[in-house]
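The following pair of complexes shares a single chain, chain A, combined with chain B in the former and chain C in the latter.
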Partner chain A sequence: MNVPPKKRLGPLLLIAPAAILLGVFLVLPYLNIVVMSFRMPGQGTPYGPGFTLGNYGKFFSDFFYIQQVINTLWIGFLTTFLCLILGYPVAWQLARGASAFRAVGYALVLSPLLVGIVIRSYGWTILLGNNGIINRTLTGWGLIDGPLPLMYNALGIIIALVHVFLPFMILPIMSAIQGIDPSLEAAARSLGASKVTSFRRITLPLSLPGIQAGCILVFVLSLSAYVTPSLIGGLRVKTMAVTVVDALIDTFQWPFGSALALMLSVTGAIVVVIFGRLTVMKWKA
Partner chain B sequence: MTEVSIEKLTKDYGQGPAVNSISIRIAEGEFISLLGPSGCGKTTTLKMIAGFEDATAGAIRFDGRDVVAVPVEKRDIGMVFQNYALFPHMTVEKNLAFGLEMRKTPKDEIRIRIAKVLDMVQLTGYSERYPRQLSGGQQQRVALARALVIEPKILLLDEPLANLDAKLREEMRVFIRDLQRRVGITTVYVTHDQAEAMTMSDRVVVMFGGRIAQIGTPSDIYERPANLEVAEFVGQVNIIRGKVGNRVVSTAFGDVPVSGDFADGAELMLALRPEAVELLPINSGAMGAQAKVLSSYYSGSLVDYRLELAGGVVVNVQTFPRTRFADGEQVLVHAPADRFWPLGSAA
Partner chain C sequence: MSKPFFTVYCLIIYAFLLAPIAVVVIASFNAGAFLTFPPQGLSFRWYLVFFNNEVFMRAIRTSLWIAAMTTVISGIIGTMAAMFYVTHAGRLKETVRVAMLAPLLLPEVLTAISLLFFVYSVGLGTQNLVGMIVGHVLITLPFVFINVSASMESYDPAWSLAAQSLGAGRFTRFRRIMLPLIKPGVIGGCLFAFIISFDVFTISFMLKGVGMSTLPIQLFDYLRTNFTPEAAAVSTCSIVLTMAVVIISEKVLGLRIHRF
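So, the complex of A and B:
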């Protein structure tokens, strides 16, 4: 079919600003990173002349880096899982609860996003440190002898990340549950299902698109989180994002840092694709 | 088969009763409609029968046993919702199996019963489809099948045809009625469509403002309405006024004999359905009152006339289009005395 040129131009014009913005500030830098990851390490310069596979060789030959990827993935998995467990009931309440709760609850869920991530992460150091509020209180009450190791470990990072990313889990699930016709639950009840069964067989599977979106968001955000892991993990526990920044800024190894950054992106992408495959919903199409 | 008895059932949300002490006895296998405008309490009543709403007061008995305290899932009802409420993530087969699985029916029997019910709603071969792959009418039949396959005590339908187009709606009316007769299940049907209620029901319960205005067969409701509200709700009606004297009401149609105790001199309202009036040419020599045609509307099988009688009384008349009368033409109108139904004294 022949479409008049004017009509074809319309949609293009509409997406042009976003496309240009993304092209210039995302795609081009990304390509630059890909190229950078194959460059030779430099002496006093960001990179040397010529190309090499050595940066990737270094990554795969040193178990230290593989271990870091695994740690980062684990932190991502656990953060995502905890956000799901903690966030789902809240999302359900926001979608289906009493209207008085809904307005307040919605404000409460969104309010952490109004405070900068640096400030929130510092807040957690005040709470979680060896001399922090939690340890001092517990010691003061005589419940523990010495401080619990809440900071400079994966536990502390996960606690803080869960707090930071919880809204990104709650909001998509809430909107998915809001999209479920309440008469479906009524129909399940009329067919003999208890409230629990009707939730398990109807509401939960139908909110899967929200769960899927929330999990992908939180997981990806956890993998790439930098501020929280670097403040709470300190020097002892490092995630990939922290190591990448170390390589780029502290040790000035741009090619190797680029290779690390890409390996992080690729592993994250692989996990997301596998997750998408596992949670494919035939009924949606 | 189950007899349902509703006794002084009341629902109050705190702003005055939405359902006000209504009582209905529904016989085994009876098809009963709750008819009324939105907000009349018909849906609330259905929800209380189903168990989705708690009754503020009163009793609901299935075969004599009060079920007010029994939760929805233990009431053994089959319900069809206005929007069908098919589970979108399950195939037709899974939708139909759901209620049977809840009853722990063995797998073999589930298969047999699904095949049987699919045959009954003429959807054999559709078991692997998802709801979104079905037309509105097909979804409707799956919803019916899902409610019936569990062989419930009663079948409850909440405006099930409201979302269908006119032609399909008429088909489904007949379909549901036939199916209900064949299965012989006690059925409560909620609708605001009087034609639907009349064509399908054994008896119709007309509700206004949380109260029952009238319970009766479709012809009771239509031909002998309990009051003006009912008369006007179930179809078009002319209200003819006249003074009572000597057991006759003198109206623009002439003297109409009435039975019943009406004091002489009282002003009475008589209901007269548009199709009860006969229209004749002015020169036909028949008995009747003179009237002038104000306007007419032709709709194929019928013609609607607006006529003006002596004293400026305007009536609507519906006839077959055998003889057409022009606007402004003088005609004779006649209605049999037994088609005038007294509604009581005019306010």
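So, the complex of A and C:
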């Protein structure tokens, strides 16, 4: 059967603008940044002529940057772990709790996502600063003599990051639990399993895909977070993303900045793949 | 875990989620010159300072303008892609979906950096808004796509065929059959694209030209050196604006916006 060319071309025209946009402004720039990381550093220009492995050499030979990657990974791990611990019960309540709670709770979990990240981080500076609400209240009650160091350190960054990314943990787990047939839990209970056993043997294993999705999302987002670490950490604690952006904006080291950004992404990707393997293995076993 | 304990636990988490936002709103009504708690009396003083601050007002205008442009472009491209995805993609369906969601899955800071290098490499630079708007379109495209394709789930291609057999042309079929059915998804996706574009930071920060700060950038710059409640007033206005968009769309227009 001969289909007229116009008919076959029509549908492709629908996807063409998106394909061109993603191809030209997402795929090409990502390829470009890989090439950029092998370019020579420039003198007065963002990059010089010719190619080199020196940018990666500089990364691996300077313990400062490796230490920073390790710090960033630690902050990412802790943020993800805390989000999981804090978020799971809420996700369970949103999926299985009384319906009055569910609608309000869902709105409460989603609403922080609608507030810009700069504003949310600013809120934490008001709360955590040396003259912030928490320190003033505790001093006022006579519980502490001087301000607790809550800001300009990793602790403050983790608190704020947990807040910013908690919804991204809660929502996938919530949909995973919603997808579990409640009669499975009821069957376990009727066969004499305690609430804890039914949760441990039925609900938790079946919600693992949601946990996995949430953990990967939060981990990746916290590795590449810029605003929160930069406002809360100040100049004292810098995560990798902050160093990368500063290297590019302030000192114009494009090739080295690209190498740093790619090293961070590759490390993050390796962690995600290992985590994915481990959780799948555990899931099967 | 006993039931009351569990409920209290969840309430604490909700309080934790709302705390920094509530604090910003309360701080904006502070009468004093510094952020102190409890506030030294209530006043709209800092709102007046903010409304008379041309730097912030210009940033708001820039943000609104960029968000409007982004919404139109992203809305059209995203809707077309969603139509292709639902009705024509066939075996490519999963590929199209992953590609359309890619800007959401890739780290924003890396996308921003690579886009910055790219606009310089091709000679666009950052002194026009092209790079910035392209970045915003990339980031908002997944939201339009998700919303429109969700609204097309129940769409039956037979309706379009029926209209075709009755002599309706391609454009008439789109305008009279498809568009009314996917309208809630398109409006929802566009509203969400607008909010995302208005709030996005990293992309704007990397791709802004001199003197073209959006509101979040201006706020960020301000917060690095100033501690007056003016920033809280600016933030509160921004929060009210986004919340208004969501409440109007969900309550008045009766839309359900898909965020995931």
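Criterion: the second predicted complex is superposed on the first by the 261 of 285 C-alpha atoms of A that agree within 3 Å, B and C clash if a C-alpha of one lies under 4 Å from a C-alpha of the other, contacts with A are read in each partner's own complex, and residues count from 1 in each chain.
Keep this in mind: a residue touches a chain if its C-beta (ideal position, glycine included) is under 8 Å from a C-beta of that chain, and two chains touch if they have at least 3 such contacts.
Just so it is clear, the structure is predicted and the values come from calculations on it, not from any experiment.
Chemist: Between chain B and chain C, which makes contact with more of the residues in chain A?
Modeler: If we count touched residues of chain A for both partners, the winner is C.
Chemist: Check whether A:205 is in contact with chain B, with chain C, with both or with neither, and answer first, second, both or neither.
Modeler: A:205: touches chain B, not chain C.
Chemist: Contact-wise, after the overlay, does A:70 reach chain B, chain C, both or neither (first, second, both, neither)?
Modeler: neither
Chemist: Touch test for A:270: chain B only (first), chain C only (second), both, or neither?
Modeler: neither
Chemist: For A:171, decide between first (touching chain B), second (touching chain C), both and neither.
Modeler: second
Chemist: Taking the superposition on A as described, I'd like to know which of chain B and chain C A:85 touches: first, second, both or neither.
Modeler: A:85 contacts neither chain B nor chain C.
Chemist: Of the two partner chains, chain B (first) and chain C (second), which one does A:11 touch, if any: first, second, both, or neither?
Modeler: A:11 sits against chain C, while chain B stays out of touch.
Chemist: Which chain A residues qualify as touching chain B in the complex?
Modeler: Within the complex, chain A contacts chain B at residues 181, 183-184, 186-194, 197, 201-202, 205-206, 281-283, 285.
Chemist: If we count contacts the way the header does, which residues on chain C are in touch with chain A in the complex?
Modeler: So the residues of chain C in touch with chain A come to 1, 6-7, 9-10, 13-14, 16-24, 27, 34-37, 76-78, 80-81, 83-85, 87-89, 96, 99-100, 102-103, 106-111, 113-118, 120-121, 134-135, 137-138, 141, 170, 195, 198-202, 205-206, 216, 219-220, 223-224, 231-232, 235, 238-239, 242-243, 246, 259-260.
Chemist: Flag every residue of chain B that touches chain A in the complex, lowest number first.
Modeler: On the chain B side, the touching residues are 50-52, 71-74, 76-79, 81-83, 85-90, 98-99, 102-103, 130, 132, 146-147, 150, 156.
Chemist: Contact residues on chain A for chain C in the complex?
Modeler: So the residues of chain A in touch with chain C come to 10-12, 14-15, 17-19, 21-22, 25-26, 28-30, 32-33, 36, 46, 86-87, 89-90, 93, 97, 101, 105, 108-127, 131, 133, 136-137, 160, 163, 166-167, 171-172, 175, 220-221, 223-227, 231, 241, 244-245, 248-249, 254, 257-258, 261, 265, 268.
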